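Both of the next two complexes hold chain A, though its partner changes from chain B to chain C.
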Partner chain A sequence: MTERIPLLHRNALPLLALLLWCGAGLATAEPAIDTATPAPSVEAAANASPAPHPALALIGGSFNARAAAARQLASSGEPQAVAILEALLGGQLYGGGEPPQLVIKQGSAFSDALSGAALAELPTGARKIPVNNSLRGQLRDLLATLSLRHSDPQVRRDAALRLLGNAADGRYQPLLAELLTSEQHPEVRQALLLVQALGQLGSGSEQQQAVAVDTLADSLQPEIRNALEVLASADGASADGNPTLAAAARTAADAIDARIQRFQLLENIFFGLSLGSVLLLAAIGLAITFGVMGVINMAHGELIMIGAYTTYSIQLLLPNHISLALLLSIPAAFVVSGLVGIAIERGIIRHLYGRPLETLLATFGVSLILQQAVRSIYSPLNRAVSSPEWLSGSWQINPVFALTWNRLYILFFALAVFAALWLVLKHTRLGLQVRAVAQNRGMARAIGVRASRVDALTFGLGSGIAGVAGVALSQLTNVGPNLGQDYIIDSFLVVVFGGVGNLWGTLVGAFGLGIINKFLEPWAGAMLAKILVLIAIILFIQKRPRGLFPQKGRAAEG
Partner chain B sequence: MNMKRIASGIAAAGLASGLTLASWMAQAEETIKVGILHSLSGTMAISETTLKDTMLMLIDEQNKKGGLLGKKLEPVVVDPASNWPLFAEKTRELLTKDKVAAIFGCWTSVSRKSVLPVVEELNGLLFYPVQYEGEESSRNVFYTGAAPNQQAIPAVDYLMNDVGVKRWVLAGTDYVYPRTTNKILEAYLLAKGVAKEDILINYTPFGHSDWQNIVADIKRFGSAGKKTAVVSTINGDANVPFYRELANQGISAEAIPVVAFSVGEEELSGLDAKPLVGHLAAWNYFMSVEDPANAAFIKQWQAFTKNPKRVSNDPMEAHYIGFNMWVKAVEKAGTTDTDKVAEAIIGVKVPNLSGGTSEMLANHHITKPVLIGEIQEDGQFQTVWQTEGLVPGDAWSDFLEGSKDIVADWTAPIKCGNYNSKTKVCSGQNF
Partner chain C sequence: MLLQRLLSHDRGGQILLVLLLAVMVLVPVLNLAVPADSPFHLSTTTVTLLGKYLCYALLALALDLIWGYCGILSLGHAAFFGLGGYAMGMYLMRQIGDRGVYGNAELPDFMVFLNWQELPWYWLGFDQFWFAALMVVLVPGLLAGIFGYLAFRSRVTGVYLSIITQALTVALMLAFELNSMGFGGTNGLTDFKEILGAPITADSTRVALCVASALMLALAYLLCRAIVTSRYGRIVLALRDAESRTRFCGYKVEHFKLWLFVFSAVLAAIAGALYVPQVGIINPGEFKPLNSIELVVWVAVGGRATLYGAVAGAFSVNYAKTWLTSVYPEAWLFALGALFVLVTLFLPKGLVGVVATLRQARADGSLQRNWQRLASRFGVPTKGEQP
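After this line comes the complex of A and B, so read on.
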């Protein structure tokens, strides 16, 4: 009861009467139905002015007082309790003003938290009610206990699994037993049984413990694995140790470990593919400009950066439609980066064909100019690009294996860009001309291909794809003036490793490097893994100077 | 200073005398030059440009108050372009060509280390405003940012005592500040009885962007049933993908809080703060601190930058303190002469922006409060803990072998930056 004391100070006697009246109901975790009956409120109100709503205690006070108020509210059985606590957790609950009011903010609309009535604006004096980590944790626990009877089975299941963290002491056992008698949904039942078994593992009879080990043996929940581990290592040595039970727990824990290992391997492969897809996106434009045209374009990274800034600019224009802005950014970034690329080609590179060193220096200069231009236009600070809802979070396949949505989408996006580019090169007139000019410039011109126009368009295509890569990267990393620099070296590595002039080489090179990197990282560390990969590539290039898939034919000899 | 300056300013003096009423107008052609050594281009421009603007504002404000010693202050801005050797060159230029009275500058430790021999050789003054790894005290440098005992150690104490953290991930970018800080923290944790297997140390390259494995490792490390926290010395740009990955892999701040030493309001303004809500940072100043001096400072700053949404941050406050200390010391010494100012500044007290008074100590570090804040959705911090009083900066960590016996004291009779209190010997070096 001590946690309610601060509340008593504030709300004085009327509330005390109320509290005493429903004290028994408050002690349990489940909502007390008693308070819903009007009688006590009427009695209390008769003594003084109407008792302030318990939720109002959330305004002001220390975090501890607020936590006590939240517990009080959760156990009060108020119908709005869940909505209020959820708003508090999400930082959407405002409070204050005279008389004190609780307001829930949803988007740009406000509503009174207690009556549900819509409000035109935030009452004067109302401020956002702050929460901290420990309060957030407590709120989640409270909401979990309140959601165990929710109508949506998914919510019930999540709520049950949330209890795993606190299940070991057995305090939920009566509640669980009661819930299990009425619960029909198989998944929710399974979750409840797990929580029950975990509680019995710690505090049940020997018989119960043995059954619990059996029930828990299939679960991948970390709390369960830890509990089994504790039981397994307590064999015989301690007074309450039971060798057979400990052995059973050991077998179960080992089986779980083996499964976790397998999922870790899968996870690592996914990480590698994901890194590979980022490398592929960054390098694929370069595979055109460097691979097909032979231009060493040091400003390639900045073309990626321009794509990312295009995403940012479009998001500024459409602040309320993040998804739409992101989708629109793909063509927009292609066009903007492509045009910049064409301008670079027409303005500078055109005059330097056949002089690789000068091209390298000139494009390096261009990259510095573009970086500083972005600093001047947008400020040297990084810009915030928000992710739409469907790109955040992860696809939780089981408790130890999840794929993050943004990485998954980018993996498919990279493959789609690759396929599109491949189709353009193989099945369009432009692609035919590009390949013709790349293979034999003189012959191509002799049969009527306007080589300089094709050069400009090819460079524009490569640059445009760099811009598209920028859109994807804006969802993973910083949008800032240095974005391009971080990817330029990797891009060249991929193209050289895969074989200059070969799109498939770029594909295999990117995924190969990604996976090698991710398998080295766990035991070598991120820093050393990078160095090892570089050394491996140097050795590889010594052996096969033309990369994995060398270009065959006349162009390769040039 | 600069008595031999040619009289090219006589015309200006005439003009000035027409404009000013004060009796010191005859000297008006003479200014006190203040060097500003912050990168305005390159990787570090992201952080350092703000500090250049802060200095311009502070100097401007001081001039409005009538300057210093009856002279106007004149800022000399140079751009070392995030290029460490260029920092040394530009320092030489500021001290020999422009003859500045003091330099305010540097951000990374490596830039400070490259400037150090030059300011010592030419006997200049450098005010360094950023939290750093300690293990240094130069006669010519004043450290107005936090030493490890003013940021890292209190943050760990908070997590250990108030949050109940039992397992620790020390994650950092691979360079001198994180490596030294983590060495100190590891020694501190081991001394506090944390088992070796409960500490995971991880380094990543600058600008690391693929955090998948590392975050997965942290998740696994944190699922062993003991409360786990990440102490992050991850620098600048790498933070955004790190926090994004944390959020996407479903690690919330309640489950595994991350306390960062390099993430401030300025960095948060450049990213979507939603995935970071609840994670922690330890600083000596937050923009959200409710204090009249801070409110006035923010108002002035937003007016100066003509941006009502512009944020302030900890290194800015360090410059605010450092600049005011220098001004006071010059007034006290009555001259801008390096030796006299360096002597006068020790013991100088100026108000800081979080409601206290900071003092320059004999070891060239200052006293500061330590605040721990949780990141809010709007990119501001909510203070959840702060030290009772001010914490004096400690140049040499008490938790490292070879450093715990060393003290820095620039007052008589020791007058040494690394005096061994056991052998009673000053190593003779200035740092």
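After this line comes the complex of A and C, so read on.
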């Protein structure tokens, strides 16, 4: 062993470097999520005038008086107005005491609403300020108007698009007309025009309606589609309706439907690719141990699990650096799972080469031991691994199409791991030796390849990649002792489906199965889709017992 | 005589049959005739446990027939066990009648709960025992026939076959978990009341089921023994060891494999059907891949290609499981895992192999020599050293 560990390092170094590089690439590419919301200014306390702050009128009084106070606050141009009104709407605004104070409660922390200063506790006499539904509606409108005048164009645009939900009765038309006279930013203008057109569609003259239909025909928002649908069916049915207008609305609605469907197709493909990337990550290590070496490693799923638990442990050690912990766990999981894999190979599998069914049983025993060990060390319960910020949330490309960041990153990560593995196998000395031993063990030994060492390293490589897959999986699901079992059968099916001994087959197999699965799901349901895919694979193997891309030549006959 | 021909060179089989005969005689006597306070009384719990083990042994026998003698490692044999169990469970479910929670004579409770209006067509006929018994044999047999026909015809062998049998059992597990399939979803079928008119929890019913299991195991053993000692059995052995050569000799290898596979699946299904009334529940958990693999371990531990070895393996592993899960629940998976590893590494012929080696060693005197060597090293005087 003393001699082997440095060798492992030397051979695994390029792969580690590549993985680290991928990880670093992920870390620098921070997604640009626009979450700018106006923060209450702390300086406000300094220039507080001796006159009572208009917001203090929110305390006490009737709901109507409170509504008037809110309107006054909104028009006062006070910098904290948005924060206060939002707190009031969310039921987080407290007020009262002597002298009167407004307090915002956030979680279990309190802060002074006017100065923004943090407070240790709720001042005596302060009560939650009550709101009713009518006040809530008015507050929403006030906040929308406030945001529509915000200095950040992104906030203005989002606020305009939020109005779509109840713009159909035309209540915002005067406001929109006023805003449009001064608005310069093209995107905000476009959003405002959309809202205006929607209002005209619902309440304008026939001519306005016709223009509105034209304006709205290019959009994707479900609210607009519904409004067009209403117009199309209502005007067609009633006697006084305008058939031309109805037909135009029908065409526009259909065009929107077609576009939404196209994006749903894209979304399905993305989900399929995402499932495929998970399958690829889980199966790619197996493509080495099973595909290249011919070892049935039933403990492969547990090596994935070990990778996931490595991530969890590193996160426990570095609770305040989630990003760093995640990036560190990629090499760490590779090493830990790889070493466990080498131990399994040296201890058990080495004695069973050429007896695949016995290997299957022995490694299954190992998998049971590893599972129970994790249960005893950690806990039988599932653990959640937290995701860094750049992995959470989603990329909203348009109103009906969004990609979640973690799935997108894992897709690229899977491809990067695949590329790294391919490079290692094709362009390093270890890869050359691995292929040589796989093709003709006797000949490889005769020309000086130390076959048993190559076996150990190959198995370590495949196991290490399983560990890396565990890191990625920890970002998608909870980490638990049964994590590996959920993937082992799928991974074997992917490798067999793609063709044993062929990395590209595994790639195509994983993405193919992922996409087929996700396309079956909408009409068959998740469970039935999985059953159908399993049956399809069973039948497919009858037709092509050696998978999509069978090995050719002498090696195939072994 | 037939029995004599089957068992003449089969010491293990003779012992097994004598033991099964003893079970068939002693269990009813000790449980029903001996008073409960007597030390010889056999409790009903033990009888049920024994019956359960007998069903497992039958299942192991079925697997040994195809794995040991034909080299087909099925990692989905629990699927046939489960299907047989479900067929029996459906019969028992219909026997509940209006004694269920909802008191609906026509529909099982879970269907009433799901707001179904009438019995699905595939439940029709299951109120008759003969029909259910027919289905116990027919459905798994047919599935094994179709699956085997496809797989053996296209020459899917070895590991590939093992993996697709595993896929088969996973597919069945997922299917039976669906509520819309009409088999009770993840809860499965349970709350049985009576079988063939006898209350299912009564002592006499339990004893009868246990005896039936023992009888079935004995019959199945003789049948398997008849198969493996016949000319057909020799061809099966030949194709296990050299499939291509057997094919080139002009035998239709696929047919031999297919019939053996179907027969084995039917045995597994019968084991399942006997198992369900004894444990009182059947659910999709029976299709778990782990169950099928555990079954392989029973056979591996007992010793492959001996038939009685599979029975011995099923009994010893399951007894160890019952004991360990009650004494050290944490240790069971460690022990099972270690058993997999140690048996494959050090005991390729299983417990039967150990016994055979010991007997061989005693016969040629090497055991005694080894014993003397060991004894002299520790300075213990032995008989051999006192001339």
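Criterion: the second predicted complex is superposed on the first by the 413 of 558 C-alpha atoms of A that agree within 3 Å, B and C clash if a C-alpha of one lies under 4 Å from a C-alpha of the other, contacts with A are read in each partner's own complex, and residues count from 1 in each chain.
One rule holds in what follows: contacts are C-beta pairs under 8 Å (C-beta built on N, C-alpha and C of every residue); 3 or more make two chains touch, one makes a residue touch a chain.
Predicted model, so just to flag it, every value in this text is computed and none were measured.
Trainee: After superposition on the shared chain, which partner residues are touched by A:Leu534: those of chain B (first), chain C (second), both, or neither?
Mentor: After superposition on chain A, A:Leu534 lies in contact with chain C alone.
Trainee: Quick one: is A:Val366 in contact with chain B, with chain C, with both, or with neither? Answer first, second, both or neither.
Mentor: second
Trainee: Thinking of the overlay built on chain A, is A:Ala120 touched by chain B (first), by chain C (second), by both, or by neither?
Mentor: Neither partner.
Trainee: Look at A:Asn133 in the shared chain and tell me whether it touches chain B only, chain C only, both, or neither; answer first, second, both or neither.
Mentor: first
Trainee: Could you tell me if A:Gln542 is touching chain B, chain C, both of them or neither one (first, second, both, neither)?
Mentor: In the superposition, A:Gln542 touches chain C alone.
Trainee: If you stack the two complexes on chain A, which partner ends up touching A:Asn226: first (chain B), second (chain C), both, or neither?
Mentor: first
Trainee: Check the contacts made with chain A and report whether chain B or chain C touches more of its residues.
Mentor: Comparing chain B with chain C, the partner touching more chain A residues is B.
Trainee: Could you tell me if A:Phe492 is touching chain B, chain C, both of them or neither one (first, second, both, neither)?
Mentor: A:Phe492: touches chain C, not chain B.
Trainee: Just to be sure I read the superposition right, which of the two partners does A:Ile447 touch: chain B = first, chain C = second, or both, or neither?
Mentor: After superposing on A, A:Ile447 lies clear of both chain B and chain C.
Trainee: I'd like to check the shared interface: which positions of chain A are touched by both chain B and chain C across the two complexes?
Mentor: Of chain A, residues 372, 375, 527, 530 contact chain B in one complex and chain C in the other.
Trainee: So in the complex, the part of chain C that touches chain A is made up of which residues?
Mentor: Against chain A, the touching part of chain C is residues 73, 147, 150-151, 153-156, 158-160, 162-164, 166-168, 170-171, 174-175, 177-178, 289-290, 293, 296-297, 300, 330, 333-334, 336-341, 343-345, 348.
Trainee: Which of the residues in chain A end up touching chain C in this complex?
Mentor: 296, 298, 348, 351-352, 356-362, 364-369, 371-373, 375-376, 485, 489, 492-493, 496, 527-528, 530-531, 534-535, 537-539, 541-543, 545
Trainee: Applying the document's contact rule, which stretches of chain A touch chain B when the two form their complex?
Mentor: Chain A reaches chain B through residues 63, 91, 130, 132-134, 136-137, 140, 222-223, 225-226, 230, 267-268, 271, 274-275, 278, 372, 375, 380-387, 392-394, 396, 402, 404-407, 476-478, 480-482, 486, 518, 521-522, 525-527, 530.
Trainee: Of all residues in chain B, which touch chain A in the complex?
Mentor: Touching chain A from chain B are residues 40-41, 43, 45-46, 49, 163, 174, 202-205, 207-210, 212-214, 216-217, 223-225, 237, 240-241, 244-245, 247-250, 252-254, 257, 266-267, 269-275, 277-278, 280, 374, 376-377, 382, 384.
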